[in-house]
Structure formats: structure tokens, C-alpha cells
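For clarity, chains are labelled A, B and C in written order, and residue numbers in each chain start from 1.
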Amino acid sequence: MNCAEFQKALPGIIESDRNAEEEAHLKSCAVCSDLVQDLRCIAESAKLLLPMQDPSPRVWAGIRSALEREGLVRPLAGTVRFRPQGVVLSPRRWVTGGSLLAVAALLLLAIGITWFFNQGTRDSQPVATAGVPVAIPASSVDEDDAQVLSAVQRRSPALLATYRENLDTVNAYIRDARRTVEQDPYDMGARDHLLRAYNQKALLYEMALARSGE
Amino acid sequence: MRPEKGDLAQARKLAGTGLSEAEAIDRAKQGDAGSFEVLYSLHKRRVYSLCLRMTGNTTEAEDLTQEAFLQLYRKIGTFRGESAFSTWLHRLAVNVVLMQLRKKGLNEVSLEASMDPPQEDGPKKDFGARDRVLTGAIDRVNLERAIESLPPGYRVIFVLHDVEGYEHNEIAEMMGCSIGNSKSQLHKARMKLRDLLRANRAEKAARR
Amino acid sequence: MQSMSNGVKWSLVAVGLLAVAAFAADNRREFRYTVGQGASVTVTNESGPVEVRGSAGRQVVIVATTHSDKVEVDCNQRGNRIQATTHFLQRSDGPDRVEYQILVPQDASVTVRAPSGPITAERMRGDLTLEGDAAGIDVRDVSNAHVHVRTISGPVSLGNISNGHVEVTSLSGSVQLDAVSGPKVSVNTAKGSIRYHGDFGEGGDYMLVNHSGNIDVTLPAAASVDLTARSIAGSVENDFPLIQQQHPTSPITPGHSFAGTSNSGASTVQLRSFSGKIRVKKQ
């Protein structure tokens, strides 16, 4: 048996018994022996690969929305409830309607743009506070998100899950881009992504506004 | 299929709720919201890692993870405990991924079509000098990257067999192919990985 | 026996009346308007498809089909402006879907807002502004006009568009562009994938950007492009012959970015993803 014949048969014999001819070739041929050893090494190493990564929080958010939408969940007495993650529908009534939403969207965009430019350009000296973004109070953003979802729920309940999921998506985009810009304020590409992420959130607010009939 | 890896003891009780997996399953069958979350926390990492390794794409893997858990929750009432819950969930997740890959284009996972240039299909032509470059431990990161670089059809088979521990007869049944075909594709996947890992080592050596 | 027979007869009559009533709920209405050059048509439809087609002549024809007596279609004309709106007489759990089929002069500009859609538009020479939340949007055969498309999760497909500005924004909808070229083409998604097949012609500025979806581009060898691609946290692959730029505007990081020129580099193409995969292939 030569190497070509042995290697052609290899897929079927690498994990199972070999006949005498195959065994003899393996013992006598260093090249094929090395090959088999390498392939076994790869297979063994693969067994040691542990599950290493968690999915992003949006996955659970999507599952939760779908479970509620499909009516698959109902709370029992004394049981664990869903822990609020991300958006919580605020009991606060939507008083001034579209104008407040529009202000929120513009504020968000304005803060984003102001921070964007405060990071400086390639040619300018870093500002003393470079790397420290303008803090957008988490509570005010969450409340605005909640208001948007309330508005969508009132007018177009069938679209609520879509808006909720996409709010998570665009918030994730903003978080990712902001983190990268914090690490490297001179990364123009990352800053561009951040601005686009804010624009997309503004778009979502605007379209939700239209759905709310304001 | 081999038992789930990781810290099983820790996985059995979720701090804060005190629910065991078995209790969570029973409650989830009755629609208890918190129990769904317990089951998700226990198994999300394994399911997501499987989806990610099989697709090589984080967005797709997240979507498929979501779909796998939703299918689980819809069908949880039919779980009778004939197999381990994790085994049942794992098989469900694999089927979700395979269905998605088929929807994207059967050729991508077809085991009949050759994904490689013709010379890679036959036996190695170079029977010259010895080339033992993969002895010792293979770096996990390099292996993960190499797996990600595999053509989709090879990647699926390799992940199912070598990483997740499915047997060829199980893979053949899931993918609708023959056992011989499954073995052949696995061999090609390993050969391709060998080439990728060797190239990676050579590149690193050249940089020194 | 006789009374039973009468009872059966009255039952049959009742069933018949119900059937007629159900049929009558499917109501097809047609509106026709004559307009001059540069007309504008706006359609707002909460639930149901909207199909727009360009045609010769100066007529706007709107055909609206309702399936319930709880929705109504309002159409009106003010000068060269036509407006069609679905509105609810009362909210119900029943079908409130309305289907619109619209013929417009090819040079009319059209605006459609239909959250659930789908929205289709074809054979137009006037500006299009199409907005759907979860609606799929499909646009074919448009030239010398601007196309603006916005969705939240609805997929977008554009084919054979030329010589106008194209702007597509979607959060999670996928975007497919086939033979789309113009002085300015801009696509932004968050997690939606972006696929482009074409030659990036007309010496335009092309910008395809997303957060985590993939960007796949296939172009012919004859394409004349100055192309840069960058994925901050994802990867890039290039199978298209490019001459490397001598002085790239941004540093090149192997595996995360590349830049180069093909032929005379007439069009500028920028492919940007935050964490998705960018792949450029030769046709």
C-alpha cells in the first residue's frame, strides 16, 4: 500500500480499526503517521473547546417579547417574575405628546453631536476631558424609550414588539460605538458610527411619533 | 452526544431564585415567566456558542439562539424526560441552525457538492519530507479562528462531530446524507484546518 | 314536517343574506384625477399593501379595496397634489386591511407611509419617499429621481435604479441593491445585512454602513472604483483586484480594513461596519 492509497482510505479508518495492510503502512510511513497524528490532535483539541460566549442582552429581550406576545407566559402566585431588563413601561402619562418626543429625539441627537465634536479632531490638542463623554443620564434615556413604546402601544400595538426589539438594537449600536470612541477619541470611523447610531435612534423616535398619531 | 461541558454543579441551581433545573422545567410547563428566564440563563451560553460556531456570524447566531429558545418554550409541554433536558435543547438548536442554513442556500451545506478546488479532493500529492507542526497543544484562539474560516459545509460537520460530540450516524440523520459522506466531509474539514493552522504557525514564525 | 321544511328554508335564507353581507364588506373603490407635470401623490395606509406604478398620461388612478365597514378611504385633490388616507371609523379586532393599487404619471413624486406594507414601486421618473415600519419595500426601474426609503425592520430591495440620489435607512431590515447607481447612494442599517450587486457606476459617492450585519458586495472587473472597507470589530475579505492606495486616508489594519483603486477610480465606495463582516467579490 502506498501513501496515496492510505490517505484515500483515511476518512473511513481514522477512528476505527485498520486492516493489516493499513496498519503496516502507518507504522512504516512517517509522513502518513504525522498526518494522522495532526488530525487526531485537531479532533482532540476541538473536544476541549468550551462554550465561551454569552449572547447579547437583546436575545433575551426578543424572547421575552415573543413569549408575552404569544401568550406563553403567565405569572403564578409566589413565583419569580421577569426582572426588568432595559425598557420598563413608565406609568407616567404622555401629556404633551409629539412635541416632547421630538424634543427628546433632538436632545439626544444634540448631546451626541456635542459630545462628538468635544472629542476633538486629529489636528487639535486633546481637551482636558477627552475620553470622558458627556453623561447622558441613563434614567432620562430609558424614560424616553419607555414613552416611545407607550405611544406605539396605544396606537399600533401590533408593532410594539418590533419597536421594542429595534430600540434594543439601536441602543446596542450606541453603546458599542461610544465605548470604542472612549477608547480612541481620534478614531473618525468610530465617531461616524456613533453619529449614525444616534441618527437611527432619532429615526426610530420619529417613526414611532408618526404611529402615535401626533 | 457527550454531556454538557462546564460547571454542572453551578448550572443546577441558579442563585437568587433557588430553582433547580427540574423545578424550572415543571414551572415553565405551567407558563411561569421566571422559570423561562432560569432555563435561559442555564443554557444560553452553550446554545449560543453552538450557533456561533456553526454559522460563524454573531448576528445570525443571536437570531438562531432566540429562535431555538422560543421553539423550546413552545414545545416544553411535550418534554417527558426521556433524555436529559440539555440534550433535547441541544438537538433542537442544531435543527434550528441546519434549517436556517438550508434556507440560505442548500449548496452551502450540501454534502454532495465539493466546496474545494479539485486538487484538495484527492489524496495529498506531496509525500515528501516530514512536517510535524501540530504536535502539542493547539492554541484555542487559533483553532476557533480557523473553524470560523472553514467553508460552511465543513464547519457544520466539524462542529457537530468534533466539538459537540455527535456521532456520524446522528449527523447523517440530521443532515440527510450517508454516514460515509459525513466521514468524508469531516476528514476534509480536518485537513483544511490542518492547512490553516500550519499557515498560521508559519506566519508567526516568519514574524519573529 | 312542513314546519321543519320552512325552518330549513329560513335558515338557508339567513345564511344567504349573511354571505351577501360578507361579500359586500369587500369594497373596491376607484378614484381618478387629472394632474399636471410635477404632481405629488401621498398615500397613508396603516395596514395593507401599497403598489405604485408609473404610467404614461396625466391620470392618477387609485384603487382601494377594503374588507371591513370599519375603515374608510379618503381621497382628495388640491391642485397638483393628491392625498389618499386610510382612516378608521372605529378600532376593531377584525380585518382593517386596505389594499392600494396606484397608477401615476411617471414624473409624479410619490410618498407612501405603510407600517405593515408591503410597499412596491416601479417604472418611475419622479421622487419616491417610502416609509414602512415592518413593511417590506421593493423598488424597481427608477431613473432620474431620488429614492428615499426608511424602515424599522422591513427588508428593502432596490433594482435597476439610476441617476438619482438613493438613501436607505433601516434598523434591522436587510437591504439588497441590484444595479443601483447614481451620484449619491447611501445605505445605513444597524443590524440589517447589506448586499450590493452592480458596478457602482456614474462616478458617484457610495456609502454602505451598518453596525453588526454583514456587507456583501459583488462587482464586475470593469467597475471603476476607489474603494475603502473597514470593520472596526469585525472582519474584511477582498476577492476583487484593487491597486493599493499609496497614501490611504486612514491606516490599514490587515483583516479589518483595506483600500484600493480599480480602473480609473471614478466612483468612491466606502464600506463601513462596526462589527459585521465585509466581503467584496468579483462578479
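Keep in mind that, in the parts below, a residue touches a chain if its C-beta (ideal position, glycine included) is under 8 Å from a C-beta of that chain, and two chains touch if they have at least 3 such contacts.
Just so you know, these numbers come straight off a predicted model, no measurement behind them.
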Identity of the most central chain, Cα criterion: A
Chain of greatest Cα-centre distance to chain C: B
Two chains sharing the most contacts, counting C-beta pairs only: A-B
Rounded Å distance between chain A and chain B, as computed from the means of their C-alpha atoms: 20
Centre-of-Cα separation between chain C and chain A, whole angstrom: 26
Where chain B and chain C are represented by their mean Cα positions, the distance between them in whole Å: 36
For chain C, residues contacting two or more additional chains: 191, 212, 275
Residues of chain C touching chain B in the complex: 191, 193, 212-214, 275-277
Chain A residues touching chain C - in the complex, by the definition given at the top: 156, 158-159, 162-163, 165-166, 169-170, 172-173, 176-177, 180, 187-190, 192-193, 196-197, 199-200, 203-204, 207, 210-211
In the complex, chain A residues that touch chain B: 3-5, 7-8, 10-12, 14, 30-31, 34-35, 37-39, 41-43, 45-56, 58-60, 62-64, 66-67, 70, 72-76, 79-83
Chain A-facing residues of chain B, complex: 2, 5-6, 17, 19, 27, 30-38, 40, 44-46, 48-50, 52-53, 61-62, 65-66, 69-70, 73-74, 122-124, 127-135, 137-138, 140, 143-144, 147, 158, 162-163, 165, 180, 183-184, 186-188, 190-191, 193-194, 197
Chain A partner contacts - residues on chain C that touch it in the complex: 46, 113, 115-116, 131, 133-134, 150, 152-153, 169, 171-172, 188, 190-191, 209, 211-212, 230, 232-233, 250, 272, 274-275
